[in-house]
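Take a look at the structures below.
In what follows, chain A forms one complex with chain B and a second complex with chain C.
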Partner chain A sequence: MRWRLRRRTRPVQRNNEIFVSGHWLRQAAVLVLFALVPAIGEAIYFRDKVSWQSPIPASELVTVDQARAWGDSSIWVDARPDEEFARGHVTGAVSLNEDRWNELLPQFLPKWSPDKKVVVYCSAQSCNVAREVAKRLRDEAQLKDGEGKNCVFVLQGGWEEWLKKNR
Partner chain B sequence: MKIFWPVFATILAAVAVIALIATRKITFWRIVDLIVGGIFIYAGVVKALDPIQFGIDIDNYKTLPWFISVRLAFYLPWLEIFCGLALIFRFLYRGGLSILAALTAVFIVATIAAKVRGLDITCGCFGHASKNWSFSTHLALDLAILVALVALSFRVASGNRPQNAV
Partner chain C sequence: MKTRILTFTLSIFLCAAARAELKWEQTTADLHPAIGDKQAVAHFKYQNVGTTPVHFKSVHASCGCTAAQSQKEQVAPGEKGEVTATFSIGDRTGQQVKTVTVQTDDPNPTQATTILTLRAMIGTPFEIKPTFVYWQSGEEPKPKTVVVKASKDFPAKNLTVKSNSQVFTAKVEPAGAGEWKIEIQPKETSHPTATALMIQSDFPKEAPRSFYVNAQVNPPVNVPANAVATPAKNPAGPAQQ
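The block that comes next holds the complex of A and B.
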């Protein structure tokens, strides 16, 4: 009986010794592969709702030239902090940043009407506040044009791009 | 009201742990397994429910291009969930520990780097629940989790493996 128990336990122990260096890596690889399955499923489910190439879908972006061509039928919204707005902004732009959202939104809304497009910008292409403010304008303030389509756009390149085009 | 759910969850977790200790012989390290595993499952589920927001949160770090951030946003929450389950059910235990320790370490480095670069970001680690947490709160929680994971790893490496762990 003793001999049998020994014979049974030995290979298990040897197994553990062998896998001290490699076993955790193999386990990690299995987990990495397991996680791929639901992730791919979820990505397929969301494929039409997410923009895969840019954080802002192309349909929600506008270039400086396009935005300028809209003329009076657009409102420019400066999403940068107050100090940067005070240093300089697009002529006629309204300040609407997340720091003072509750205070500034009521001042902005009377200036907007469904026939006007909203162009939101922040400092540069890489800033995120314009995207956030545009999202909040769509979701919280429910800004849409007369046909119920999106009327809030993010300026490609932001304030830096606007400066380049106006030099 | 904001404070209600975290307090409620903490009390619930404490009651669950006390009940487990009372009903079964449960060791300190098993409790650590359950807590750390539970944290990662919660964090994973919250992010898996809103992968687009998590993609934006990753993108806010300004270290990866968007096409990688968005793909990671779909993948990382599930990896956290599976690794959390691995810790709780002790299946692929060491693999789960290694991945979670690596993820937490990378996250701590990314958070510090973002702070040094002056980025004012929300980490998105626990979805919107953590949106208003300060940098020091994030760092303290992440360091505590990393310490727990490293301690569990040392325990495994020293040969004092949890029973039934695969």
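The block that comes next holds the complex of A and C.
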């Protein structure tokens, strides 16, 4: 018993690192193992509910304030379905959604030139559509700025964020 | 220590025993619609394995392109049913992931919300890159190349390109099995203009498929982009894919 108490209260210092006594280490390991059991179980049970898409890289996102600062050197693209666009959209925005991509793309392209940045937005609740539209503009239409850099961005917070900032 | 471990273990088992009343056969559906299909439908089957009825509070799709509905509002104990998610393909291509959020009145908050995932691989007969070529105003009118590759399931042998533009010309050249190069060239680049060139395949014979490549001459810098003439309607009416 005396030995145990001494071991508990005296950490050993070796090469500037503190080694806690083996007893505490074992207890910590047991706790970690116990925490892992439900975590692993949950991971297996919810394996079908994981997000399938990685987050949009920060370099491809733009805030409402940044996008507004671009002024006339940007084009706003509304990626939402036609009905939502008809209900309201950013002033001057062009509708370009994947429901009618082949029909709407030729209407958007004449408005673009390499000195213009493209700001794609959709509803914050379903913002994957803006991501998809931005991806197609980059990959299929291969839009780039004059220096060959990305010029297509997704609006952070989407239509709802724009509304909030413009009230 | 032993008592603590026992209590902890018991609490874990008790939590696990609090199972959901609505048991889903699957929460992910993989769909492989055929080329040209307009819709893809997923069926998510469930059963109420609990002892009390379950009520659906809401069934909400993540995207306007997906309509989701439940067969019934209330599911009695032991009863089976399904949630149907209809995904409208539109002009989408590639891997599509859509979700449907189902909320029930299950007293267990972790089981009250279920996310159903619909994954659909939308095939396209051709891979066209790029789908857009442009020249700056005053730029030398050199030809630009678009590469077209047919998918394995689409045995097209020939492609033709139609244009209603007087400014752009297009030349198709085979570049190997199921592959073509289309050279697009403007006659001059002094005026901003735009067009949609229609690519048509010889397959399937009874209903050849059409695709579009957009070509334009951009206005000089500092000239409003709306000075560019919007392309006339596609030569063969609305685009198809």
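Here is the rule we use: the second predicted complex is superposed on the first by the 111 of 167 C-alpha atoms of A that agree within 3 Å, B and C clash if a C-alpha of one lies under 4 Å from a C-alpha of the other, contacts with A are read in each partner's own complex, and residues count from 1 in each chain.
The rule we apply is simple: a contact is a pair of C-beta atoms (placed from the backbone, for glycine too) under 8 Å apart; a residue touches a chain by one contact, two chains touch by 3 or more.
Nothing here was measured: the structure is a model prediction, and the numbers come from that model.
After superposition on the shared chain, chain A has more residues touched by C, the comparison being chain B against chain C.
When the two complexes are overlaid on their common chain A, residue A:His23 makes contact with chain B while staying clear of chain C. Legend: residue contacts after superposition of the two complexes on their common chain; A:Pro57 is shown touching neither chain B nor chain C. Of the two partner chains placed by superposition, only chain C is touched by A:Arg80; chain B is not.
When both complexes are overlaid on chain A, the residue A:Leu109 reaches chain C alone and has no touch with chain B. Residue contacts after overlaying the shared chain place A:Val32 against chain B, while chain C stays out of touching range. Contacts of A:Asn128 after superposition: both chain B and chain C are touched.
Overlap of the chain B and chain C interfaces on chain A comprises residues 30, 34, 38, 49, 52-53, 126, 128.
Chain C meets chain A in the complex at residues 5, 8-9, 12, 15-16, 26-28, 62-65, 88, 90-93, 97, 115, 117, 119, 128-132, 134, 136, 192, 194, 196, 211-212, 214, 216, 218-219, 221, 225-226, 228-231, 234, 238-241. The residues of chain A lying in touch with chain C in their complex are 30, 34, 37-38, 41, 48-49, 52-53, 75, 80-81, 83-84, 97-103, 105-107, 109-116, 125-126, 128-129, 132, 136, 139-143.
By the touch criterion stated above, chain A contacts chain B in their complex at residues 23-32, 34-36, 38-40, 42-43, 46, 49-55, 126, 128, 131. By the touch criterion stated above, chain B contacts chain A in their complex at residues 48, 51-52, 55-56, 59-60, 62, 66-67, 69-71, 74-75, 77-79, 81-83, 86, 92-99, 166.
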